[in-house]
Amino acid sequence: MIPRYARPAMTAIWEPANKFRIWFLIEAHACDALADLGVIPKDAAAAVWAKGDKPYTEDRIACIDTIEAEVKHDVIAFLTELADHVGEPARFVHQGMTSSDVLDTCLSVQLTQAADLLLEDLDGVLAALKRRALEHKLTVCMGRSHGIHAEPVTLGLKFASFYAEFERARDRLLAARADVATCAISGAVGTFANIDPAVEAHVAEKLGLSVEPVSTQVIPRDRHAQFFAVLGVIASSMERLATEIRHLQRTEVREAEEYFAPGQKGSSAMPHKRNPVLTENLTGLARIVRGFVVPALENVALWHERDISHSSVERLIGPDATVTLDFALARLAGVVDKLVVHADAVEANLNRMGGLVFSQRVMLALTQAGVSRETAYRMVQRNAMRVWDGEGDLLTLLKGDAEVVAALDEATLAGMFDLGHHTKHVDTIFRRVFGTV
Amino acid sequence: MIPRYARPAMTAIWEPANKFRIWFLIEAHACDALADLGVIPKDAAAAVWAKGDKPYTEDRIACIDTIEAEVKHDVIAFLTELADHVGEPARFVHQGMTSSDVLDTCLSVQLTQAADLLLEDLDGVLAALKRRALEHKLTVCMGRSHGIHAEPVTLGLKFASFYAEFERARDRLLAARADVATCAISGAVGTFANIDPAVEAHVAEKLGLSVEPVSTQVIPRDRHAQFFAVLGVIASSMERLATEIRHLQRTEVREAEEYFAPGQKGSSAMPHKRNPVLTENLTGLARIVRGFVVPALENVALWHERDISHSSVERLIGPDATVTLDFALARLAGVVDKLVVHADAVEANLNRMGGLVFSQRVMLALTQAGVSRETAYRMVQRNAMRVWDGEGDLLTLLKGDAEVVAALDEATLAGMFDLGHHTKHVDTIFRRVFGTV
Amino acid sequence: MIPRYARPAMTAIWEPANKFRIWFLIEAHACDALADLGVIPKDAAAAVWAKGDKPYTEDRIACIDTIEAEVKHDVIAFLTELADHVGEPARFVHQGMTSSDVLDTCLSVQLTQAADLLLEDLDGVLAALKRRALEHKLTVCMGRSHGIHAEPVTLGLKFASFYAEFERARDRLLAARADVATCAISGAVGTFANIDPAVEAHVAEKLGLSVEPVSTQVIPRDRHAQFFAVLGVIASSMERLATEIRHLQRTEVREAEEYFAPGQKGSSAMPHKRNPVLTENLTGLARIVRGFVVPALENVALWHERDISHSSVERLIGPDATVTLDFALARLAGVVDKLVVHADAVEANLNRMGGLVFSQRVMLALTQAGVSRETAYRMVQRNAMRVWDGEGDLLTLLKGDAEVVAALDEATLAGMFDLGHHTKHVDTIFRRVFGTV
Amino acid sequence: MIPRYARPAMTAIWEPANKFRIWFLIEAHACDALADLGVIPKDAAAAVWAKGDKPYTEDRIACIDTIEAEVKHDVIAFLTELADHVGEPARFVHQGMTSSDVLDTCLSVQLTQAADLLLEDLDGVLAALKRRALEHKLTVCMGRSHGIHAEPVTLGLKFASFYAEFERARDRLLAARADVATCAISGAVGTFANIDPAVEAHVAEKLGLSVEPVSTQVIPRDRHAQFFAVLGVIASSMERLATEIRHLQRTEVREAEEYFAPGQKGSSAMPHKRNPVLTENLTGLARIVRGFVVPALENVALWHERDISHSSVERLIGPDATVTLDFALARLAGVVDKLVVHADAVEANLNRMGGLVFSQRVMLALTQAGVSRETAYRMVQRNAMRVWDGEGDLLTLLKGDAEVVAALDEATLAGMFDLGHHTKHVDTIFRRVFGTV
């Protein structure tokens, strides 16, 4: 994890205090269930809660670390420290369970906690996009395909397109959250040989998880693979938005700019610089999150009832994927929210290419006037190419083209050069995306 | 696409005949909608159906190819050939549409067709797994963690675990299918400038797609990224099952074997060989499908209203990912279905390590008899290590350990070596997975 | 492999005719060595050459295919067909060898053949880059960091930078070629149990390969992994150049353009379009080649003396990676060679931002005049920000800044706005890159 | 970076103290060169060394952090702190340089330092492999293809195969080290507009780097991509060795075992367990390192003279790839060094399948006795299949096969069952690999 790309709430999920707290809850809830089943004394379960239900302070964590350094087993170290607090009844803790019961269920809780933060982040991005979409619903700007001017769109439509994409991201994340929100307390190879399934059911319910229908020693890793794959897809959507902004800010376009604070420095060497460093950063962070997808997929094919090769991978990508994406989405929301739009440049770019962007409209008008599509194409193209070569604007050139004016009168021709034509369905699209205009 | 790893039905989806047929349907349905709107004559729309609604034969495809070689534009070539059949009314076809309207909507249809075949494939895998699970519900076999004997499970539980995983695969694929099942007929930059949204709605309905709420020139590629990511997750689940079988077949284990036909040759050099070549092949095919995930993710961040960098990638991974996974899943179903189980080896392996696998049960019995967990662990471990070293079986050694027998009488001790203990919850698990036992 | 992104010479390497020809050469050379060792009769070896040394025609290939469909083993099918030509002495062919000896050594030959074509392709790219670099050595253009105008460079420097990168690509490919150019004829598990190492040495020499020092059943796959990884790096370099051109062509920049043939159509809907479709395509092809790296890496960890999971992966990526990259590099060379430079736009962009790009020079002059770096930065920045806001050009604004003119006289100030300052070391760099200017 | 998978020497390379130290060296050497050129006073350069040449203590680092929090620019913060020590002459530091000159050259130094540690690690792995190879040169063991018994090899050959692979790893890393060992001090866009190339040459020489022939604002990222790709290949080779050991340790094979310390616990639940956790861990770490390859490749295509998207990626993968691989290789060397070989199990496995592994020898003897290859194959296979089915050992069954004994007398037949046959070329192979036997 890169500290500068990390926020405290998400980081805390992966810190020992939270991890041990979850371990405690798993063990304590399991004791309740075991007591209900008569496997351990009710007093023992009560004692675990009475004496163990308190935060994992730095002192406690240090104590566990010291024990682990000796016994080389994290769960045993944890149980030993817990016993110091709970006393004699501690021997009833973890009865019939296996380490993976604790570790895997804990990972499920951490991933759902992480998913909840990411869902909030997505809500932040969505809110910013919606606000800007409505603000610029009818700010007509150039639409570009292949980086080349195509036909007019509106800035609001751009934002709406990203809004819809991030709504899909939200849906995918919700589904992926459900995928990892399972609890397994099924013993060494998943047979419940030494623990009743009722324990699993109780702990699952208390932790807001569902029961893993069939586990081996571990929760199957296709669940986690799907989760990280979805983060990779979301990161890629983020990259699309970041790339859009980087493009809009490049000097020659300059239709929008990341907010640049007074006193900020763009470059130590060049005092004139205002760089889209936030969205460039988001582009890099997208690569990071995407890079975790393949290791997560490679983690699925564990040997037999489990091997432990997945563990080191998850120690990295569990925290790093969620922390990085959390930071990135929060940054993205801020960038969108504060994005400076240069309305004058938007308009200037729209007019830059001498009306070229109306070429399709003219061609269609020609075909409706009876010219064949192929001929109409050639008639328009030959004038358009002259515009590229700087010989004038399209309307003027078309008016000077005898074959064109033979087919279309001047007024009709001029009528094709109308931006309103391109915005008449914006409301329809907004209604689809936002349910409202 | 590798011909030897391809099946005809899936391959056909990606062949020109199917592609052009879908293009025709898109154009013809669009004509109907345009006619309803009064944009083109009703007669024209009728003529398109009357004269164009026929298969794309090899001759027609060759004709399109010839035209494309000249005009260097696939959609224009297609429309030109169609005009040869439809005649004069052909000039009303494609009115106000852009090539991507046709190409992207066609890709949606192809991907949903592919998804439907894959869903059938998954059903085949699920059926085979279920049958074998029920067949071997109580075939007790060794469970292994880290490749080391752990505790008994049943072969049926193994199959059940994969069944549950492939059910999740099915759910994910269904969701991913919905993700790509959208139709966009929105013009050059998605504004419907030259075509009414009603056309899109009509075509979508006729093709069984939903309407893309907001498109640019293209359908957003996060949808496709999610689709291919899910294929990657499914491939990884397939790899887990293939790896399990490869392990079970290795000479020293040999609990199961791929079906080996009379007369088959395992090796040109070594006449004795019977190799798990099908599951090894599936392992490689899983790598192939997984390898397509990252390019699909990289396809998301197109520039502005679209660039065409995604196109070449999709020309590869569209067919290759679906064709490869289709072949692989069908092969997998066959492997599971015909898998030869060597019951004698299953049992022999279970007994191979001198009862070591009951070590946890003994330890728990000792703790229930009042021995501390730590001491119980040491008592059992010291005897278990002697078993590893070939000094006898665990029960005999334990009976000779004074400290152990002081805590547990012989009958209790012997009672721990009971396989029934490990199968008592199999029905519970089967009920969760199959809804029945 | 996607036919439209394939060229015949590279494709031919992967076709059956070439594969079987290489198999024949391996077997025939091996016969010579076996005859020299006295293992088989000299007459037999001679007969193999005399009767078998002829092209694999379509008929022969069809014959092999028919046999393979029956015996389900490609090498056996090949040997059977060969026997039809060679007659009785054919039984001495393949003596003591294993299929992998033939298959893996053949793959080595194919990959070196492919590498040779790719090296030629790189030479083509290098030649085009060098020519354009020298042509535009002193064509001053805007240098951009973060997409924002920075300081002037020259177009020649841009080309030189790519030239140096593709020279590195060439060096890497040469090394990777050596990595895969090994021959293994060592029998079923690499022990030479049934074949003398002298056979391997002879075949290796005849085929221009080195001897694999220690093989298992196969040539170790780290060699191939390295090869495909290098292709992935080269593809990424190609993507950088493609991206540069796409940027230079975007409408607002338009400093360079892919060659657009008279009569070509950029868009079926918009007659005015001229899109950088070739470099967009190269961007996608780069993703494809890059996507093959991870499967190649996953192929390394085969089980024990080999498993066959790598095979299906190589059937895909062997042809597809080399064919795609070959096509792409050839296309790239053409794009560079024919790239249209719009000198007027280059100059216009250079002047677009009112002299902002000289900001560092002014700042340095101020510090040399005794102003602290921090103060100098602020003095320049406050004027530069006014230029961004459209309030005038930098020199004029600086002349109106009392604090600035107090430190620097007007002539010195004006002297900072000199392009020559930025080109004075171009020759040095060219000498480093090209060894000449 | 995961602390538990990190070693101090490698970690230190990436810590602020080392980074700032390298920055200082770059700046101080640059001052020398600038002074030689007469650009800055000789006294100033001398002062920088006299007052600045001292370690970056925690206090100094904290001070830089505080400044950076304010000015939001790491290089400026560094220079400001340095000025506190150097005093007035500090204003001559960094003259004409750009931040990337410092950052990129520093990264080159860090990567070469990291490469040097990794080369040492590889030497450790090589030494262990060589020792074990020589120790077990003639320890005959089963060779396996497809996980199925094939023919005998020796344990020494296994080690030799990995030795050769890690020698290739070493060569690749050396080449990759050279690839990233370049120095760029060329100013804002690489034109040396404000700094003489002599400065770059001087700093490069002092830091043991070569001069970057042509830089933009940055050192081109194909160099780094190649470096990380090579780490990915090495990680994959490591995975092959780890996988081999995991296989050898699985209960049914148990030919070798990771060293298991007295008192160690394999499982909290199952006291009998001895798991190959180190090599499982190495398998996971290989996935991690491999996962960094694609982001490194995606970093190559920066926009124009640079964008900063690569930076965040490198902040992660620079440390994490090198630290993880360093830890893993050191662990691997230890595993190989202490690997416990169970000679009895090695021999037992060799004999387990009733002489099946001599099937090829028998078949070849039959063909040499005049039987056609096809017939010989069938004769051996029909007996081999009976061995699989537990009907006896191969030699006995062959002796009872009339057709076999008609072709081969008993003594010749028995002579085929000779292990010596399979080890006769071991010395040849060892000579190739180690230059000695």
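First chain written, first letter: the chains are A, B, C and D, and each begins at residue 1.
Keep in mind that, in the parts below, contacts are C-beta pairs under 8 Å (C-beta built on N, C-alpha and C of every residue); 3 or more make two chains touch, one makes a residue touch a chain.
Because the structure is a prediction, the values reported are computed rather than measured.
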Inset, instruction - Kindly point out which of C-D, A-D or A-C repeats the B-D interface, defined as over half of the contact pairs being the same residue numbers. - result: A-C
Legend entry - Result of counting contacting C-beta pairs for A-B and B-C, higher pair: A-B
Inset, instruction - Return the distance between the CA-based centres of chain A and chain B, expressed in whole Å. - result: 24
Inset, instruction - Find the geometric centre of each of chain B and chain C from their Cα atoms only, then give the gap between the two centres in Å, rounded to an integer. - result: 33
Inset, instruction - Would you mind listing the residues of chain C that make contact with two or more other chains? - result: 144-147, 150-151, 187-188, 246-247, 265, 267, 269-270, 275, 277, 280, 283, 290, 294, 298, 303, 307-308, 360
Legend entry - Complex contact set, residues of chain B against chain D: 142, 144-151, 246-247, 249-253, 265-267, 269-277, 280, 294, 298, 349, 352-353, 356-357, 359-360, 363, 377-378, 380-381, 384-385, 387-388, 394
Legend entry - Residues on chain C engaged by chain D in the complex (per definition of touch): 91, 95-96, 143-147, 150-153, 157, 160-161, 164-165, 168-169, 172, 175, 179, 187-194, 196-197, 211, 213-217, 220, 222-223, 225-226, 229-230, 232-233, 235-237, 239-240, 242-244, 247, 283, 286, 290, 293-294, 297-298, 300-308, 360-361, 364, 367, 372-373, 421-426, 428-429, 432-433
Inset, instruction - Within their complex, state which residues of chain B touch chain C. - result: 2, 4-5, 71-73, 75-76, 97-99, 187-188, 246, 264-265, 267-270, 275, 277, 280-281, 283-285, 287-288, 290-292, 294-295, 298-299, 303, 307-313, 315-317, 320
